[in-house]
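Input: a single structure, listed below in structure tokens.
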Amino acid sequence: MTRLSQIEPTSLKDSGTNMCRLITDLYPICRSITGAGYRQTMQRIKEIIPLTICEVPSGTEIFDWVVPKEWNVREAYVIGPSGRKIIDFRRHNLHLLQYSHAVRLKVTLSELKEHLYSLPEHPDWIPYRTSYYKENWGFCLSQKQMDSLEEGEYEVVIDASLKDGSLTYGEYFIQGETDEEVLLSCHCCHPSLCNDNLSGIAVISALAKALTPLTLRYSYRFLFIPGMIGSITWLARNESIVARIKHGLVVSGVGDLGQLHYKRSRRGDAEIDRAAEHVLKYSGRPYQIRDFSPYGYDERQYCSPGFNLAVGALTRTPHGQYPQYHTSADDLSFISPQSLTDSLMTYAAVLRVLEGNRRYRNLNPKCEARLGKRGLYRTVGGQIDQPLRELAMLWVLNLSDGVHTLLDIADRAGIPFDLVREAADALSACDLLEEIP
Amino acid sequence: MTRLSQIEPTSLKDSGTNMCRLITDLYPICRSITGAGYRQTMQRIKEIIPLTICEVPSGTEIFDWVVPKEWNVREAYVIGPSGRKIIDFRRHNLHLLQYSHAVRLKVTLSELKEHLYSLPEHPDWIPYRTSYYKENWGFCLSQKQMDSLEEGEYEVVIDASLKDGSLTYGEYFIQGETDEEVLLSCHCCHPSLCNDNLSGIAVISALAKALTPLTLRYSYRFLFIPGMIGSITWLARNESIVARIKHGLVVSGVGDLGQLHYKRSRRGDAEIDRAAEHVLKYSGRPYQIRDFSPYGYDERQYCSPGFNLAVGALTRTPHGQYPQYHTSADDLSFISPQSLTDSLMTYAAVLRVLEGNRRYRNLNPKCEARLGKRGLYRTVGGQIDQPLRELAMLWVLNLSDGVHTLLDIADRAGIPFDLVREAADALSACDLLEEIP
Amino acid sequence: MTRLSQIEPTSLKDSGTNMCRLITDLYPICRSITGAGYRQTMQRIKEIIPLTICEVPSGTEIFDWVVPKEWNVREAYVIGPSGRKIIDFRRHNLHLLQYSHAVRLKVTLSELKEHLYSLPEHPDWIPYRTSYYKENWGFCLSQKQMDSLEEGEYEVVIDASLKDGSLTYGEYFIQGETDEEVLLSCHCCHPSLCNDNLSGIAVISALAKALTPLTLRYSYRFLFIPGMIGSITWLARNESIVARIKHGLVVSGVGDLGQLHYKRSRRGDAEIDRAAEHVLKYSGRPYQIRDFSPYGYDERQYCSPGFNLAVGALTRTPHGQYPQYHTSADDLSFISPQSLTDSLMTYAAVLRVLEGNRRYRNLNPKCEARLGKRGLYRTVGGQIDQPLRELAMLWVLNLSDGVHTLLDIADRAGIPFDLVREAADALSACDLLEEIP
């Protein structure tokens, strides 16, 4: 069977179209942290990978939290003094404050305004706002629309239900050669926001599909969860699995045109941190590394001190650092198939490092092995240049003392991991290296 | 009772006037490492804080040293060929080489010059010179005066006594909740030099007065000692106390207009080092950090390898790095009430960090605690900005694993200590944190 | 007897002439990794130091290698279509591919060209090429000569023998006060290349001669070996000695005009690494420090993981980083007596650090010792400047806690090692320090 290391990253280069199709399909659905739109989203992903869909009843205790009530909306609008529907949830999912309870009211303009949210600095955009954990109702609208509201009586209708039901999430597991796991987690709760996080959904769906037929060292677990409450729910229901998770990445904001950013795990020097940094370093393009902070997406939960998992976050422009973030401007025009493909290939490259990163012992540790007689070394000597392939072999032999991993060696040698991995393969084939279990 | 953390630094902002009054009173007194002037200085400080005054007899063995003889001067002058007093100790304390023995001599100009000290590079200033440990006599004078001396016979009179007596120092102790101590030490042996070190005397007197009424975690010990021989004497007489000293600062040169400098303890990364650096970093003004060196003031003794105490030095311009150092130009015009106040407030801020720096355990370590239900988190979500207060709480929860202190957390988070301390208080009040003893 | 520390580096300053004479004598000899020229080279070095010459039979197994056959050449030339000898080994040793087997052939130009090596980028220079481990024959020539070859029949004659014999190397050992050894190793296998490595031969011959009459803490072992195969041979035959080698340097490329470079041992922070870096730092001239890599000269073998010796390489321009490297342009005009002397003095300075680097315990660890009463401190106090000599003593006293070495102290204090060493001597003479065995 094919191993990840044998997959050419370029085999993924046509995935952009499929990823964009998925995003286009999911964009109009009204998702929240619970509800029908979330289920519909999972069903669409199931067309790509055989997702297991889990339902957790409202009220279930999950550490310091409880699974919230399920929220579903039939319609929501505001009728102005002129009798026209001036705000209508059907026109844009973002118009409704998420988790607004049912309301049918007549209010004055000033009473209404206490429940309106807009963005003065971007007068054309509708903001995204939520009130999951405090009962409230409200509408989001552009500043321009806000400014055009006239005095008079407004009719507010929110036909929504907020009642016991369940929280939905999707899970997909690939069994590898070992039970040690790599976790890939994306939040799926936002409606009509493309980069945050339909891009993440698209990238890990494509990644999961690509990994499925391969022979893999690690087992892979893909989580499609509502942000925050979803990772808390999953961790609370799967504490026995947590110890198997050796590496992980939170996947979000991977479709915009910005450069790649890696945010380290709380540990800071975990293997996933070093693998991601290595891949970005040799990507040939600008990138950013940031230290862990307890603010962001679900790495907050995976890296809480009671778990402290080796989970980082690989994104393009980090959340909150682009003006379109959490507004209607994070739409289909904000993401690009090239960026999605580049993100996917970068994720694959990081996993290729994890899969291939082993520790060896040089079986001929005293002086150098004679590579020439094994056909691994040029025969005419004296030249200035040393082929990088030979140099990689010398490094692997020199540092394979049972302590250094191939990634340690690649980093110390300043040579891309893939070349070091190939050198180790060539040396192993000559019985010059022994793998340390 | 009030805690240090509850004292607004601004409550100290009017201390400048009192500190300047003390300095003005002490300036004319002829101090040396022993003698009447030293005792008179201690009496004046006693008007501010209830100092204990200790006398240690000459000849007492203190490690490799002995307490020197006591030195007192009645008068000291030189009469020139014209019959005029051309140098007179009554005009300026610095005119007399400290510890000059009694002399009544007629000498030629060239014989006299072997006992004269001046500063060619600053022709108007009188240098400060000492000969504590080798019997000698001499006078210090300006280069201008030196240049004007004519050939002829000079009459030298030094009516001084150098005989068994005692070494004097002052000590003030505030008992805190624990017996662990913070040491604040200043040298008081220099006559008529304002920055070095009437400024130090003034700042720690004011600090001692401000701390006295407070509820304090640590006990505080203030030493008003002659430089070098005083700290050796104190350490030799108090070896049993030394183990209680957890943190300390040597206080000198805190009145000039230069920026603040912190010189690290020999340990280099002691809590006092990190606290002082944290405070300077968030001071909003330029500052300097220097590594320990075994040259300077009494940190030389506290940081000798047999003690290796966590004692740093917080000064303005370091000793020897300003031309006025150890000259008559270090006078009342060289220091400013604003600098003294700023130094005092900085010392208070460093102590506030020490007092408040604790280690906690997050009692809800798996996933984040639900801050919203405890009134600690905003209710509408989706915005880009995270209030720093909330971020501080997330950091405290994330890193309170029983290992990291609040200062560790503040440094890693890049958030001022006071905000982190407040976050820990708010979380403790909700039973989310447990203090590690 | 005289110690190394008592030798003024300037006593070596006239060594340049002798080193150049040796290089001039050795330049014309045809050396390879075995053979008569190698033996002749060892005999010439024996005129300077009483070298032991070792012969190891061809076929001896040495780790993953075997000692190769011995190679000797009587004559080697190519006669062109015109009947003239157009390439003749007698004119330049580099003309012949090293380890060419015997050949007597008539060939066409294109057949000949498969066995010719030239340097298009330097058309006047003859390259140096070898084929030690694969049977082959060939000639090296300038690109200009290559371009002038006409079509026609060529007669190739190589009258060489490649048969069982032995590998020769020279070894010189100086017994010191302890059996712990410093290794100095240079490769001697290259013919008619001055910087690489007649310069290394000259410098360590002169160094060995200078050390011989001294009282030395360490024993010193000088190896004059063929590159690569020589160090493998020596290590295979002397495994029981290896544990005694505490420090070592590979000596090559020490005669060109470039700045000094130190390449760290595989350990990276061994005492030899710190000593060499200290000396270069205080040399007052630009220099470079490079991390270890497993490509270079015999440090590859000494630093293989089964030995991992503390062996660095101190060179001028590193191998391969100058265009003349491994070409006929690395001739007598490429090296200078000044560079050779400077290299020699730098080696001596590094050894002086190793010889003098000890660890002491301050016998008066509580507070400072009273240096004045021992005549080690100025008697008049108050000045701004602290003599560096006094400062060095304060540092030695402060850090001599049984942990820090004098080199640690010099590095932390920012004071040249020699001054710190003198301070330790002065303090030891007053019984203030005790050496830690």
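Order as written gives the chain letters A, B and C; numbering starts at 1 within each chain.
Basically, contacts are C-beta pairs under 8 Å (C-beta built on N, C-alpha and C of every residue); 3 or more make two chains touch, one makes a residue touch a chain.
Keep in mind the model is a prediction, meaning the values are calculated, not measured.
Visitor: How big is the rotation, 0 to 180°, that puts the C-alpha atoms of chain B on those of chain C, in steps of 5?
Guide: Rounded to 5 degrees, the superposing rotation is 120 degrees.
Visitor: Could you classify the chain A-chain B contact as same or different, where same means more than half of all interface residue numbers appear on both copies?
Guide: On the two sides of the chain B and chain A interface, the residue numbers are mostly different, under half being shared.
Visitor: Can you check how far apart chain A and chain B are, centre to centre, with Cα atoms defining each centre and the answer in Å?
Guide: So the centroids are 54 Å from each other.
Visitor: Among the residues of chain C, which are close enough to touch at least two other chains?
Guide: none
Visitor: For chain A, which residues count as touching chain B in their complex?
Guide: 62-65, 97-98, 117, 127-134, 136, 138, 228, 231-232, 235-236, 239, 266, 291, 293-295, 300-301, 303-308, 320, 325-326
Visitor: Within their complex, state which residues of chain A touch chain C.
Guide: Contacts found on chain A: 362, 364-370, 372-373, 379-386, 391, 394-395, 397-401, 412-413.
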